[in-house]
Amino acid sequence: MTATIDKPTAPAEAGRSARSLVDTVFRAREISIAGALVLLVLFTWIAEPRFLNGQGVKDLLLNAAILVLLAVGQSVVVVTRNIDLSVGSVVGLSAFACGKFASGTDHGPLLVALLGIAVGAACGLVSGSLVSFGKVPALVVTLGMLYIIQGVDYWWAEGEQINAADVPQSVLDLGSGSVLGIPYLPLISFAVLAATAYFLRTYRSGRELYAIGSSPEAARLAGVPIRRRVLGAYVFSGAVAGFAGSLWLARFGTVVADNAHGWELTVVSAVVVGGVAIVGGTGTVWGAALGALLLTTIGSSLSVLKVDSFWEDAIAGALLLAAISVDRIVNVRMTRALRKRSAR
Amino acid sequence: VTLAGCGGTTKKDSDHNSGGGAKATDAKADPGAPLKKGLKLAFLPKQINNPYEKIVDDAGIAAAKEFSGEGKEVGPSDASASSQVSYINTLIQQRQDAILIAANDPNAVCGPLKQAMKKDIKVVAYDSDTAKDCRQLFINQASSEEIGRSQVQHIAEQLDYKGEIAILSATQNATNQNTWIEFMKDELKKPKYKNMKLVKTAYGDDDDQKSFQETQGLLKAYPDLKGIISPTTVGIAAAARYISGSSYKGKVVINGLGTPNQMRKYVKDGTVEQFSLWDPKKLGYLGSYAAAALASGQITGAEGEKFKAGKLGEYTIGKDGEVILGPPTVFDKNNIDDFDF
Amino acid sequence: MSQAVPTGVPVLALEGVNKSFGAVRALRDVSLELFPGEAHALAGENGAGKSTLIKTLAGVHRPDSGQVLLDGAPVVFHGPADARDAGIAVIYQEPTLFPDLSIAENIFMGRQPRRRLGRIDHKAVRAATAALMGRLGVALDPDRPARGLSIADQQIVEIAKALSFDARVLIMDEPTAALTGSETARLFSVVEALRAEGAAVLFISHRLEEIFRLCQRVTTLRDGRWVASEPLAGLTEDDLVRRMVGRDLDELYPKQDTRVGETALSVRRLTREGVFRDVSFDVRRGEIVALAGLVGAGRTEVAQAVFGVDRADAGEVRVGGKPLRPGSPSAAMAAGLALVPEDRRQRGLVMEMSIERNIGLTGLDRISGKGLVKRALERGRAADWAVRLQLKYGRLSDQVGVLSGGNQQKVVLAKWLATDPAVLIVDEPTRGIDVGTKAEVHRLLSSLAAEGLAVLMISSDLPEVLGMADRVLVMHEGRLAAELPRAEATEESVMAAATGRTGEGRAAA
Amino acid sequence: MRLLRTGLRWDTAVGVLLVAVFVTGLGTTDGFASRDNLAFAFNDIAEVALMALPMTLLVVAGQVDLSVASMLGLSSALTGQLWDSGWAFETIVPVVLLVGVAGGLLNGWLVTKVGLPSLAVTIGTLALYRGLASVVLGSNAITDFPENYAKWAVDTTTVPGTFITYPVALFIVLAVVAAVVLHATGLGRSLFAIGAQEDAAYYAGIRVGRIKLALFVVTGLVSAFAGVVFTLRYGSARADNGQGFEMLVIASVLLGGIDFDGGRGTLFGAVAGVLLIGVLKNLLTLNDVANEVQVIVTGLLLVASVLTPRLISTVGEWRHRRAAATSSN
């Protein structure tokens, strides 16, 4: 064949400038959600200034804290092209277990949280083992687990209710106390969020989760220990959900068996709104956390804006659709603009 | 609306279809008949894992033992009418002697309940009524009118008859809550409440966390809110919990229906001054005896008939087959420690 | 270049290996030895078992019986990771990248350089990738996600991945199938350097001249059986073909003379910003027009825009004189267009569907009567084309996913030829197809053209372009750089236009 | 060997399980076999079963619609509201069905034109449609639906001589139609192709966008119709009717062996799955099995539905490997 002919190096330049733009687009996923959030808060604040007074901000953060935590756990699973529908049930079971454990005793918050984490991790271990070793579809398995855990929880609780009065004050303080005016719960969620984000970005095993979600086949060929990683993701998600259960107890004091019933869809929508692709491989926990914050803020805004209760669901649904549509359209436009730009 | 009435089946045509009336059975009551032994009673609550309903049903099942009957509780884990219907069907197949139901929807459970009555199974509604022609008796915890009006009266006294108030209810479709709310609104029309204003009815869906956040929303949206009435045990507990941990404590009055065990903490810490409820155990107990009296032929459900409900004494059936347990108890820090449920 | 049969211990070897998939016996008692410093070729028809052999060496498959020997000692690879840790680098036939991850991450997944506390050194990853790209002479941005890379670029990333660690054994399954001459030459010089440092190389290609250029020894497989292992020196291409096929082959580029008819496909000023610009050309009935150019010149993209799977920003496509509704493959098909896509795994085939259903997919209305699919028609259509393209398969109801790469390509061809198109666009039609069948495909294209079909052929295989085309269009960086009639198309003139050194070639219309 | 493998496919297994549960019920539980009970048991899942049909087609095409139950609720609320304001029932039904079509169009439009994943879109419309239902009807409950229509929905009216109620009869007819479409037509082939490899389907000239849109529209239509049936069956229109049914529909489809990733499954499996859930629930309730245990059983069945075929094929592979190893030596 012909002699070696070097390709001209001109495109390299184009590649460079395109790169920073590509970066922008990728970050835009989080930016557009953050933008929507800011708009919503500003709008509500202008209409009702009290929305952002001390108590108001505190409430916003408190409301989002648990959902953020769950969204972080869920993202780690979704990134691997799996899903964990059992989170709602896990929170319920763990909250009840923690309540049962703590009620009438003086167990400290640490002990209670550890129990919650252990319960959650155990549930995650079961789902994760089925998904990774059984090589069966995550959606079906975790939907099954949703029912199983829920059934066990109901069966155990027998309609019993744990009241705030029985829960040790130190545990309740965790849910309502604060440092420097910032309540503990959002601080805890933020810590978990930041640590998870850092791990996903800077550790091999974190990157491997993305690799698995992006292409399981390629991950196998690249020697990624898929089963171990997927199992790890589930145990993490379960542990986080279990932890959220113990925080639930701390925050609400009262627990019954069906706490967080039906939350799985809310968590999944927070994750999806936050730009974590349901088919795996892309998205960040920051985005998911923003998604969770956006969802809870929509709820808070609507009640502050005195929207008729009958309209709340409809408007929340419409806003959710608007948020993801705008995000998508912006993205498509940007990508196209980028392509055209790189032409010159 | 323009299309209305241009032929076809409309509501007006079919109105005559549903005029069944409350006529229960043609059988004659035999007030002297003894309570039958071995009666099979089934309690069908709104939802099995609701702590309040659990108390009611357990008391009813215990009561059945007193007259050598056999009680059981079955039901769905979600508070929906459609799931209750499946259970009614099974209870018919199992040939129970009586079904006691707290209806999630007064009409959706009607068809199957009528079938049950046709098969000579007695139907007693408790806590939350069904349509009148779908049951023989309704054991009302207290007269709906009294509950509704008294709640407004209580909170008005606490507020000196002025200020904005809101209601935190259960689900948008809860029959009993909606009835009470109607009476509350009616009561508020009286001139003595002219300085009070009901600003909003919020729905916490009998979900602890939702009720909690609805309370937040109410307080933020209505800065001048002075009081919240929550005629549901889940709602009032959640509202009290939010207020007790917020800057609104001591500034906003909470009243409504709650259980002493749930509210004890908030009464003690001063968040809540008073609230009311009937004794759910008595409700279950009365229901059980009423069902037994029906099944034994002592009563048929007609107005004016009387029956003995064990240690609670004698009750008389009122209009539309309603039996009223008695006035609700008002709990405050003086008496709350006398109760444990 | 060649040497005598090497002595010493082979780094990696197979001994009496058997491997079956269900009823298919892919490898029967095959042995192979790879020595340091030697490039070893693996030859065989489509479905002969080459890829299976490679996957056995790479730890993807476990042999049913027989052994893998590393430095003379038997080993068992429990997975690709084990083989990698033993110093074996593999480029698989089908690029398997992480579409959402950057090129740099793709290359270093699981092996990223780390800083203290096990944290990934992102900067080092990027720098190492840039260095690799420099070594291969390609300008791919390390931070660009792999999604949307052309098959050729994907292949280059795969190559970079394999070169990124100091492998003792480099195994390459048709790495050049989608590459043009210049990338291939670059690759070969890098491989030469590795070999000189003592690496053992195993190389598969259906382009026989490449085998002769790169390798010293060759092992031939036929129907999963070992046929011969011998030095290449002294062997001719014909000898090799005879070992593979078991008989002599006919002429490779059987170009028939045809009468050129009226214009069938006419493309005017077609533009997709950032991808290609102002592309105009005609293809007439009976004519085979080749679209040549370097990897990344925009050929595939032009084909996709013509067929309507991508939307053009400007310009017009006419088929048989009538304007084609843009952005609609179904309209394109109704107008008589067919596109054999380059990426058979994503776009060409539904991997988990059967052979017959895949072939039937492009003609659902033709194989149905009264709305119901007629199984007999469907099977007939598939069986007919399976024979014409010498498809090697078990049953027509088998999943296409289990076919060998070349045989999958034949199914894609069959699927589109069966639509009986007026204009056929083929993107790398013979990628991965063995020499025997390649001639068959060429004969088929030629005779279809003779019957009045208009063919637009995109190919990175220059001999194929020169051998088959009546006219050659050359693209350079998204523009048509030259249009060369058959007589003027030579390696030199095409390459000159493709690399932007125009002047010799006539400027495009 | 081959017979063994096809014989143990999960959808067949669900069918066998269904028959087994049914026969066990006949033998062990009195009251189960009565005409009344059977009519009730099947009629009780009529809406879920109806919605499971288009859902099966959607899932095969790699999509999902979580808004079905909310559409049912919206349709029910609308039926009630219009009926209450004096509309003729004959007018209400087509209007409500049109709303179903519109809802399906919105879902489909967001998925095909805006390019959003169906899971995300329909989580949004799940809230939207349920919200609209409560906007339409508020906290009211409308009753007194016309007897001449209601009688076609309730379990006391059956096809003469059988225990098949009319909603169930309709389900049977539609199931046959759906089975033919999915397994015997070009459209069915296209659905499998879209679900398995959308790009390849698109390149093959299949009108991916249009087909998906149509599927969502049909799903909206059927859900709206299910809403009318539900309303008549319970004689009660409320905004929260059918809340949570989406999970039940999806669970039955998955139980029937439809692969959520698309491209795999049979309609027979989905039908068997839905009926199994219905019959099992009836049987367990008759035997006073507590609700929470039923929930656990549903969960276990779901897990088994994916685990069992997996185990079977693993054992099969293992046996095959051993056979191959011995024969080649």
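Which chain is which? They are A, B, C and D, in the order written, and residues in each are numbered from 1.
Throughout what follows, contacts are C-beta pairs under 8 Å (C-beta built on N, C-alpha and C of every residue); 3 or more make two chains touch, one makes a residue touch a chain.
Keep in mind it's a predicted model, so treat the numbers as computed, not measured.
Taking the mean Cα position of each chain as its centre, C sits at the greatest distance from subunit D.
Each chain gets one centre point, the mean of its Cα atoms, and the points for subunit B and subunit D are 35 Å apart.
With each centre defined as the average position of its C-alpha atoms, the distance from subunit A to subunit C rounds to 42 Å.
A straight line joining the Cα centres of subunit B and subunit C is 74 Å long. Subunit C and subunit D, compared by their mean Cα positions, are separated by 44 Å. Multi-chain contact residues of subunit B (touching two or more other chains) are listed as 48, 77, 172. Residues of subunit C found to touch two or more other chains are absent. Of all residues in subunit A, those touching 2 or more other chains are 150, 154, 277, 310, listed in ascending order.
Inter-chain contacts, as defined above, occur between A-B, A-C, A-D, B-D, C-D. Within the complex, the subunit C residues that touch subunit D are 18, 20, 22, 25, 28, 64-65, 309, 329-330, 332-333, 339, 341, 346-353, 357, 360-362, 364-365, 367-368, 371-373, 415. Residues of subunit A touching subunit C in their complex: 1-12, 15-16, 18-19, 22-23, 201-204, 207-208, 210-211, 213-215, 217-225, 277, 281-282, 338-343. By the touch criterion stated above, subunit B contacts subunit D in their complex at residues 1, 3-15, 17-18, 48, 72, 74-78, 80-82, 85-87, 89-90, 92-95, 105-108, 110-111, 115, 131, 171-173, 175, 178.
Note for the complex: subunit A touches subunit B at residues 48, 50-51, 54-56, 59, 63, 150, 154, 157-161, 163-165, 176, 248, 252-261, 299-300, 302-306, 309-310. For subunit D in complex with subunit B, the touching residues are 31-32, 34, 36-37, 40-41, 44, 83-91, 134, 138-139, 141, 143-149, 154, 156, 230, 234-236, 238-244, 281-282, 285-286, 288, 290-292, 295.
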